[in-house]
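Take a look at the structure below.
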Amino acid sequence: MTNNHDVAGLQRRLAEFAAARDWQPYHTPKNLVAALSVEAAELLEIFQWLTPEQAERVMDDPESAHRVADEVADVLAYLLQFCEVLGVDPLEALAAKIDRNEVRFPVRRRGDSDGDRHSSE
Amino acid sequence: MTNNHDVAGLQRRLAEFAAARDWQPYHTPKNLVAALSVEAAELLEIFQWLTPEQAERVMDDPESAHRVADEVADVLAYLLQFCEVLGVDPLEALAAKIDRNEVRFPVRRRGDSDGDRHSSE
Amino acid sequence: MTNNHDVAGLQRRLAEFAAARDWQPYHTPKNLVAALSVEAAELLEIFQWLTPEQAERVMDDPESAHRVADEVADVLAYLLQFCEVLGVDPLEALAAKIDRNEVRFPVRRRGDSDGDRHSSE
Amino acid sequence: MTNNHDVAGLQRRLAEFAAARDWQPYHTPKNLVAALSVEAAELLEIFQWLTPEQAERVMDDPESAHRVADEVADVLAYLLQFCEVLGVDPLEALAAKIDRNEVRFPVRRRGDSDGDRHSSE
């Protein structure tokens, strides 16, 4: 993994990219979180009319695969820029969340008959 | 940075977490992308009634700061799980997108008078 | 249909409701459109882990049915308030859009073999 | 207001439009709610880089005004189709929600010093 491909390296490239184009005034927390949710919706748009089975095979078509990767990049770009301007470490935040969820959703032993509902994590 | 805090390590923890709770049947690409966009909207919700100035200071309040980090974690969790089930490398996708954008949005030299519109990246 | 149940009557009630609580300063176009998209995501959240078959039966459970109607109300409330502050007539906008789409997506005669892809309207 | 411009008339036109193009198989509740949230995000996209002041003036530019009306139409179209397939009356749902909110958020008398926070309705 090259230096540019870790999260900190990508955040640096994104910050330099925005600075070179004088885009920082637009990159307020409120604007970036709006852009993040717009890009997540654009990723969803690719799947909105697909059956679950078609959705599983979306990467088989090169054009769709490119579109998926492109929207994933946009979502990640805005997430990283949002985190940068607010000083949030996204990897640390996720590691801490998984720790909390391991307590909140204990693994049931086999044979337990209690509820089986999938919870929003 | 510990092993658990890099992207691959977090993807592994998320996959083990879901497997231990038999949640994989729910984690289809179409469901995960819907969940991703829902979580991005929940992050936006924190900011929806704030002025731009209030939004800049959202991390000053410990409760809001925790809520932001928590929703960032959810967005990243679903993004990584979506990428995992479809075999997309999110860091590679973003690095490739920045490469393309450097061509698509060349840096203007000072004194250029051409358009000044911020583009969606 | 009572007077309160037509779109103009509901817009009037929403405007009076916000005015009585001094909420108008929050009800800027940018805030209202963010709130609209958040509420649409909350409606989606109800469906995110359901199979297509479970989703078809969501109104069979009184609690889910209430939740769906409640989120539909929120989406419509923010859409109508957004339209009110910007002076957009949503029914007129939709009628005009259907007119345009009837030209843009002509009905194929039976036997035509051209593309069968569902388009985003 | 002509017959085509009330909500029931628009729902009828949308249903006929979809039926004539054999689009009903795509118009499941889960797909329609995804499409609704995607369209709400596309409306948000128009505003994402605007300052609050620019957002207030978005209808002054004919091209932006058309784009806003067009996305409003899409949001309403999917909301009405979603309601149609699930048998939800959106106007009734909103009227009932306003009734509930009038109880939940009582109007404070002038001089009350209690909290002033805007609540999500």
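Should a chain be cited, it is by its letter among A, B, C and D, assigned in written order, with residues numbered from 1 in that chain.
The rule we apply is simple: a contact is a pair of C-beta atoms (placed from the backbone, for glycine too) under 8 Å apart; a residue touches a chain by one contact, two chains touch by 3 or more.
Chains and their UniProt names: A, B, C, D = Nucleotide pyrophosphohydrolase.
Just so you know, these numbers come straight off a predicted model, no measurement behind them.
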Ask   = Taking all residue numbers at the chain A/chain D interface, are over half used by both copies (same) or under half (different)?
value = same
Key: Result of counting contacting C-beta pairs for C-D and B-D, higher pair   = C-D
Query = Distance from the CA centroid of chain B to that of chain D, rounded to the nearest Å?
reply = 26
Ask   = CA centre of chain C versus CA centre of chain D: separation in Å?
value = 3
Inquiry  = Quick check on chain D: which residues sit in contact with 2+ other chains?
reply    = 26, 34-35, 37, 40-41, 44-45, 47-49, 52, 118, 120
Request  = Over in the complex, which chain C residues touch chain D? Could you list them?
outcome  = 1, 4-7, 10, 13-14, 17, 20-21, 23, 26, 28-30, 33-37, 39-41, 43-44, 46-47, 50, 52, 55-56, 58-59, 68-70, 72-77, 79-80, 82-83, 86-88, 90-98, 101-102, 105, 107-108, 118, 120-121
Ask   = If you look only at chain D, which of its residues touch chain A in the complex?
value = 26, 31, 34-35, 37-38, 40-42, 44-45, 47-49
Request  = In the complex, go through chain D and note every residue touching chain B.
outcome  = 34, 37, 41, 45, 48-49, 51-52, 118, 120
